[in-house]
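We just call them A, B, C and D in the order they show up, numbering each chain from 1.
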Amino acid sequence: MKKKFNVEKAYYLFLLTRKSEEKIIELYNTDKIKSPVHLSIGQEAIAVGVNMAISEDEVIFSNYRGHAHYIAREANLDKMWAELYGKSRGTARGKGGSMHLNDWGKKFMPTSAIVSTAIPQAVGYAYALKYKNQKGVVICYHGDGATDEGVFWESLNFASLHSLPIIFICENNKYAIYTHQDKRAMNDPIVERARAFGVNATKIKGSSTEDFYNATIDCLNNIEKESKPHLIECNCLRWRDHVGVGDARDLNYRNEKEVDEAITNDDLLSLEKKLPISTVNAIKLKVDSQINNAVRFAEDSKFPEVNELYDNVYG
Amino acid sequence: MKKKFNVEKAYYLFLLTRKSEEKIIELYNTDKIKSPVHLSIGQEAIAVGVNMAISEDEVIFSNYRGHAHYIAREANLDKMWAELYGKSRGTARGKGGSMHLNDWGKKFMPTSAIVSTAIPQAVGYAYALKYKNQKGVVICYHGDGATDEGVFWESLNFASLHSLPIIFICENNKYAIYTHQDKRAMNDPIVERARAFGVNATKIKGSSTEDFYNATIDCLNNIEKESKPHLIECNCLRWRDHVGVGDARDLNYRNEKEVDEAITNDDLLSLEKKLPISTVNAIKLKVDSQINNAVRFAEDSKFPEVNELYDNVYG
Amino acid sequence: MNNTLDKKLINYGEALYEACFQEMANDENVFIYGLGVDDPKGHYGTSKDLHKEYGNKRNFDIPLSEDALTGVGIGAALAGLRPIYVHQRMDFLLLCMNQLVNMAAKIRYISSGEHSVPIVIRAAIGRSWGQGAQHSQSFQSYFMHVPGIKVIAPTTPHDAKGALISSIRDNNPVVFIEHRMLYKNAGYVPSTSYEIPFGKGRILREGNDITIVGVSHTVEDSLRAADLLKSVGVNAEVIDPISLSPIDYDLIRSSASKTKKLLVVDNGWMTCGFSSEIITDVAINCEGIRCQRIGFEDTPCPTTPILEKAFYPNPQSIAIMANKMCGGNKKWSPPAVEQHEILSFKGPF
Amino acid sequence: MNNTLDKKLINYGEALYEACFQEMANDENVFIYGLGVDDPKGHYGTSKDLHKEYGNKRNFDIPLSEDALTGVGIGAALAGLRPIYVHQRMDFLLLCMNQLVNMAAKIRYISSGEHSVPIVIRAAIGRSWGQGAQHSQSFQSYFMHVPGIKVIAPTTPHDAKGALISSIRDNNPVVFIEHRMLYKNAGYVPSTSYEIPFGKGRILREGNDITIVGVSHTVEDSLRAADLLKSVGVNAEVIDPISLSPIDYDLIRSSASKTKKLLVVDNGWMTCGFSSEIITDVAINCEGIRCQRIGFEDTPCPTTPILEKAFYPNPQSIAIMANKMCGGNKKWSPPAVEQHEILSFKGPF
């Protein structure tokens, strides 16, 4: 059963995500955010499409490039900003920063800065769902670089061996930092390899929010029929630098024409065009105010006390 | 160019391997071999077939179940026995035991007792051959269990990315200790996975020495035309227990009928039948005397001095 | 010691089995996995046939994928289960360091207490015939080094059972160290369920002349050394720390302050090891204590018996060092002591 | 120090680049690999464009496969090459422990000297803005613990160049530790090629009141602490061990025997760490030395600046502790010292 794709909702989530990161860019040179940031700008369609397809019950595993996954999930924006500021009302009371966002209220698990490390945990979570006879599907975002790691394939093997309910969302932006995929593996092989590992894998043709939405819905329907791991490979292009708020165009490590094209074909604009101007304006207002509130929340929050250093090492 | 399969040579190597391990069984309860032993009995056809196909130049990487690879390579039998006895004339002056055999004279590299650990080293060796513009192909033996490890797939990826001259010989005896392959991966997937990782992979239909010989020759010919990694999956059955000299039939962890069949179809007997009785007898005599000499060599050797403990920690 | 009358004489392996059996009955979230846990041998009997009692999903074999399977356990723990991952050798934990140190130890902290990782990593250590360089190592210091992980290494069957139960119930990742040469040691063990607290050590033998601290199997050898030392009039106090992280520094400090001499018998290499930690703590916090350490020689472990013997500390070498520290005759040569569990070992593994 | 007249003022990163450049010219078997080594940044400039000079096979990027790529380097070393594997963070070495500890450290021993593994593992450590729990760790103790591996952690540009050259020429696996906050530090460095020997430390400042031993970046902070201590009349002797395995125990022992006080400033957690090793050695081998250690707090590294500051030792906290050990005023509060390399750091990474 396919819910209809809700353009208005998609535009709202997309804009919220985009504008939040643009706010980070705007404020970064104030040095209030003393945290490395790995921006998702250019890749948001994936997070938005996936999030619109899944329910509140789904558990999310993401990574250091997790802003879009977090925001499109409508996880707590105030807390995210407070965390970026290192404040005590942040998602980890300032102890985690951008690379370790988490919001259990939205079943968004703590993210890791070590590539591929959360993959087996997502699989383990899916094992637990099956163990407890619980409904639900685990959503596991990762990059193309993550598939270079052996632990990725060990994880897929275990997931297929136990027919676990999990969807791997591979965000293939073709790069690991400045290293192109072709320097890391031959023939763009992710989908084919995943299949050989017993995982139902599809490379999405398009790259619009709706394409990713539809692909996720299809997976969920399949899993409802038969518990089995799926992988969706999503093509995307990161507009900015690997880390930080620059665009690293001076480094010339990739074809800048492709970047320009991607920016021209921004799906945010396509979504906007599909909506009445009044709706667009209302959403823009809402988004701006949400973000401004979140920044104010961060500004107004206190830093943690020094004596919190030892909290939560053990439980 | 295919050298003709030399039955006499095959029989000799096979018998030498088999009898050597039977000698271990015979002597094990004297406790003179204070070393875990992982016998190859039942799997020798692979080592013999491969060894007959390759030249003296090929470098061999093997594992803790390495007796057959070592002996069929005609590596130093005296030293092997001295090593099993923990004597100073052993392959590691008694410091390595059965799990770490090595003989540089035969380009047989030190083996490892940690599953899959030598695989990337074999690949690195192949990288060095290419780096130095040297001829040669690396031979890398491993079990089916080794393909469960992520490092195995990382290694294959690197080998295909750099088109390295290496042949992976997968000895699929269907078990990792007492765990059947089906409990570790779905659908007997090794060859298919290897292909997805850019490696030229074949599952050998037969399981005779000559089948393995032919398959290896084919690989070598392919690599001569185009440097590219290959994997040969060889079906086999280990007659004895995973470790030690027993047969663990009381454990009932596998279908004992299949074991009986394998023993009935012993390729050693088929080879023997193809040879004149006089040749067979001469080879038997030769093998017995080689083994007896080796055991005597071990018996006659001294234990290392205690002050050797610190030798070769650093160089 | 637990004072219930209901005690049975069982061995260390059986004690571990009882802990698993009872905790699985007690909490349906507890499950066991690892290479061979459900095979006919069931990891030295400690998990034998538990799947027959509790179902396949609660005691299951796995692919050889130590890195991912550690992550799988962590993920299951995050979902509220209580996994026990069993390793045939601690040497294999080197494949799991990323998951244990970078992930399991950090998740509580980076989620500000929202999530916990109640996983138990059981790892067998220990020698026997020619285990050699890659099947003999003991990395307790690697885990003691890292905040967020607990480490426990019981020596007696009694402590083995209780400590495993505490580990399973603990809300933190616990590395649980079992020495292969202890599995057959017998002792009186309560039939009911009980816990051994983390952070509490035990004085196994009282004495005034020197404090000897062992770890895991070297506690046994330290007790044997104490016997030898009696014959030359030295009364050694022998401490079993049981819990290595947190560690009962107080107990060791007060014993060392009493005897003024501390000998730590490591079950591993000494550089940056368990023994260096204990000695450093005493050097910093107590006055005028003479300290020494003995442990694995600083080489890979050789296989040939004569070198293997030289590699490991033993009751005599411990006793000789202790006696020297007490000002005894430097040439004293104590009689050979039977390490029955080692002598009686018959291969292959 | 090398006394050639031909010295240039260059920074630590440039010194490492020179070492690589010259050794690659000197020996065609030397090659460099690692994530991003041939990208436009070239690992802080230390490997920048070396492929243009020496070809792609000698300076190349790799897939994210730390475990296999360590093995690949070991295999290449076994074939007679001299690989240098560069890691952007030492935290990633947790993925390589099996290859390094179970394999690289053992191959010479188990082949009785037939094979050697001349590989250099270069690993960047060190803080800056909010690196957090997984990008701040420093595991020198893990490698010091293992016989068969050498460990070196130079502090000055001069030592960085020479030590990297020695490491490349060494026939053993070497873990080479580079602190990110040192890359920009400048110093006079000979233009020609030279070696810094393993196992030799350096007294960077002489003093009679207390011995302070740092490691990597904490040597810098120890020197700053020594400056502060002067103002209260305490003359600290500051030692840079440079080589952590083997380590120059003699130098530290004799300094501590002179000053009677030893403070070790760790660049990592202290339990079973570098500092516990140094203190243990002195506690065993010298008489009547007062010992202390300071290092990372026993928590994962937090990201928020206020907690990050509390997490790391700094010149003041070092000076305060040293002053107390020398019987100085316990309430002394030295002025803030500028750690310019840390203050001047602007993100993002």
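Observations on the model:
Heads up, the rule we're going with is that a contact is a pair of C-beta atoms (placed from the backbone, for glycine too) under 8 Å apart; a residue touches a chain by one contact, two chains touch by 3 or more.
None of these values were measured; they are calculated from a predicted model.
The chain with its Cα centroid farthest from the Cα centroid of chain C is A.
Separating the centre of chain B from that of chain D, both taken as means of CA atoms, is a distance of 42 Å. Chain C and chain D have Cα centroids lying 32 Å from one another. Centre-to-centre separation of chain A and chain B, using mean CA positions: 46 Å.
Multi-chain contact residues, meaning those touching two or more other chains, occur in chain A at positions 95-96, 100, 112, 114, 148-151, 154, 157, 161, 184-185, 313. Among all residues of chain D, those that touch two or more other chains are 62-63, 65, 67-68, 91, 98, 102, 109-110, 132-134, 147-148, 298-300, 302. If each chain is drawn as a node and touching chains are joined, the picture has every node linked to every other. The touching residues of chain B, when paired with chain C in their complex, are 28, 31, 33-37, 86-87, 90, 94-100, 112-116, 145-146, 148-150, 176-179, 183-185, 243-245, 251-253, 303-304, 306, 308-310, 313. Residues 148-154, 157, 160-161, 184-187, 189, 192-193, 195-198 of chain B are the ones that touch chain A when the two sit in their complex. Residues 35-36, 39-41, 61-68, 91-92, 95, 129-135, 297-300, 302-307, 310-311, 346-349 of chain C are the ones touching chain B in the complex.
On chain D, the positions that touch chain B within their shared complex are 31, 57, 62-63, 65, 67-81, 83, 98-99, 102-103, 107-116, 147-148, 150, 171-172. Residue ranges of chain C in contact with chain D, taken from their complex: 67, 91, 94-95, 97-98, 101-102, 105-106, 109-110, 132-134, 137, 141-142, 144-148, 245, 269, 271-277, 279-280, 282-284, 288, 291-293, 298-300, 302.
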